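First comes the structure, then the notes that go with it.
Labels run A, B and C following the written order; every chain starts at residue 1.
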Amino acid sequence: MLTPAVAPIEAKKKEWSPYTDNGGTTLAIAGPDYAIVAADTRLSNGYSISCRDVTKLAQLTQHCVIGTAGMQADRAVFHKLLRTRVDYFKYKYGKTITPTALAQMIANILYGHRFFPYYCFNVVGGLDAQGHGVVFSYDAVGSYQALPYATTGSGAQLLEPLLDSHIAQRNRTQKNPPMSKDEAIAFVKNAMASVSERDIHTGDFLEIAVITREGTQIITREADGVERIKLGFD
Amino acid sequence: MDAPITRTLEPINTGTSVVGITYKDGVLIASDTLVSYGSLSRFRSIQRLVSIGPCLIGASGDYSDFQHITDLLTQKVDEASFHQDGFQYTAPELFEYLCRVMYERRSKVNPYWNRVVMAGSKQGKPFLGCVDLYGTHYASPTVATGYGEQLAQPILRKEWHPDMSLEEAHALLEKCMRVLLYRDCYTINKVQFARIGLDGQTTIEPPAPLTGTRWEAPLTITLP
Amino acid sequence: MYRTAYDSDVTIFSPQGRLYQIEYAMEAVKQGAATAGLKSNTHVVLVAIKRNESQQKVLALDQQIGASTAGLTADARKLLDFMKSEIMNFRWAHESQIPVNWLAVEVSDKSQKRTQHAGSRPFGVGMLIAGVDSQGTHLYQTCPSGNYFDYYSCAIGARSQPVKTYLEKHYKEFPTCSREELIKHALQAIKASQPDEELDTTNCSVGVVGVDEQFTVFEGERLLPFDEATMNLERHQ
């Protein structure tokens, strides 16, 4: 008798998934002479809140900040990897990598993990060579695009139409001039507060990185004397 | 023929919740001494809080994995001391190392099936961190693993304040352990507390039963 | 000029128990442009002579670690790359800076391996490693032989003997020196290796690290504020 060419089908073994979604929302806006990257600080684990104060932002250079939603463990390692690469670039070439070059590098690293991806949904904000704000948005495997604004994470679906309406001013008969830096900051606060009302994985604190020619200022958990931005109720 | 690759698909001998809080002069953590085998209360007197170099660790989840992690960290601390240059890892440095180890194993889809709590000090302030089998990690003044995350963490967040005395901290954790004893099946009334001061001094208290528990039928209890 | 029957391989001892290849490698260090280092309780300063303006003799490797080299430039780059990777690995695992002592040990272990295997040659480079960590300020010298030394101050490279003489004469003052005094000593010391030439903005570079200061390399115009009298810096502006 011939032995069957195909092995008998076995019951699917139980498997453990190495992925987990810790939620959170990021938002980035490119202005004429500034860029903003913002994110909440909640760390969710299913329906429970593991920690109320974990940053999703990482300042990579003087003029470039990344915000990452998705899996916290992957994010921590991904941010660490980027910091290492930025540091190595400085050592190797004696100058700081530009935000646009870094944006491409991020895509390359993500794609490099195409078959075991980082569960990271990134937005990157910075200034280009002319000093104009630039924002890049990514998927987990490195597709990326420069955009005037971007949002990722558990609240992205709630934010996107708001951004379409207020920043791109879609379907408006009368268009307003682009937002100033301060208007944009105020808008980000309101927009993220709205998301935290409806998305249970977004909340606690809001961190905002404002990138201008002078450098980056982050309203963050470690800043002393700066009042933290609380999202929602106590 | 080569032996098939084997992986941990479920924990076997497990410990339940570990709770921890920072207080004025250090960090206090607590757990019970039970290691369960499924729903069997198999080992009733096992210490799940361990002092390693500059820190104190405790874990819920698979006990053999925890023992292995303990060995890894001890080895790390010992290797550093062999340089004889006065350098010692700080708790945050060891915590970062532990996070990398946990993440590395999850990336091999063969995790250490634990959630580990690490206590120590960071630049003269209390340090309390937590890392799970995915490598998810955070530092927080209140930490609770296992059922503690659902049952103890809300109490801790509500009642914790930064200038707690040791007595207050002790009372708060006792309260949490009592709640866990009532509601978590996989507990035992033999609880251990351990603390680490800002100077790195660790004190592991002998296990003792919780006091003030009440088991009468509800009808016989006079509500306050 | 040294040629003997026992110097064709690094793994062959001479009857006197010497390893000539290693000694020749040590000679390569002596051919390299001089570099010196000295430390106080709060700062470490490296200074190096550059034979070529674009040469990188002093490098920042981490927030509070830097190094300077004397000897074969290509070998130096290899060792510096190795150090950088050790530094990055430590940061990856601990989110902090490697203890300076450990880095010196890693470099020495790597150098030592090259003294015990046939078919390879020792690194022809000596290095000064300056850094600050939880144990204070540090200055280490590493050799092609795999030896490393912990110094208050030292100098290696061409004509470094007069530099050492200067340092030996003054080293007792160093522990309490201010940052500026230490830099001044460094420049004056290295000047002793240049009997016929003044120091200027093109032929030297300085690295400074302190307890509250990141390792910074000063070259060209950035050297001007340090010590105009000593360096005669006007010439090359």
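Simple rule for what comes next: a contact is a pair of C-beta atoms (placed from the backbone, for glycine too) under 8 Å apart; a residue touches a chain by one contact, two chains touch by 3 or more.
Just so we're on the same page, UniProt names per chain: A, B = Proteasome subunit beta; C = Proteasome subunit alpha type.
Only a predicted model underlies this, so the values are computations on that prediction, with no experimental measurement involved.
Distances from each chain's CA mean to the overall CA mean are smallest for chain A.
Across the assembly, the mean Cα position most removed from that of chain A is the one of C.
With centres set at the average Cα position, the gap from chain A to chain C is 42 Å. In terms of their C-alpha centroids, the spacing between chain A and chain B amounts to 32 Å. With each centre defined as the average position of its C-alpha atoms, the distance from chain B to chain C rounds to 46 Å. Touching two or more other chains at once are residues 92, 95 of chain C.
For chain C in complex with chain A, the residues that touch the partner chain are 59-61, 84, 88, 91-92, 95. Partner chain B is touched in their complex by these residues of chain C: 92-96, 99, 101-102, 105, 133-135.
Put simply, chain A touches chain B in their complex at residues 13-16, 18-20, 22, 43, 45, 48, 50-54, 71-73, 76-77, 116. Within the complex formed with chain A, the residues of chain B that make contact are 7-10, 99, 102-103, 106-107, 109, 111, 130, 134-138, 140, 149-150, 153.
Across the complex, chain A meets chain C through its residues 80, 84, 87-88, 91.
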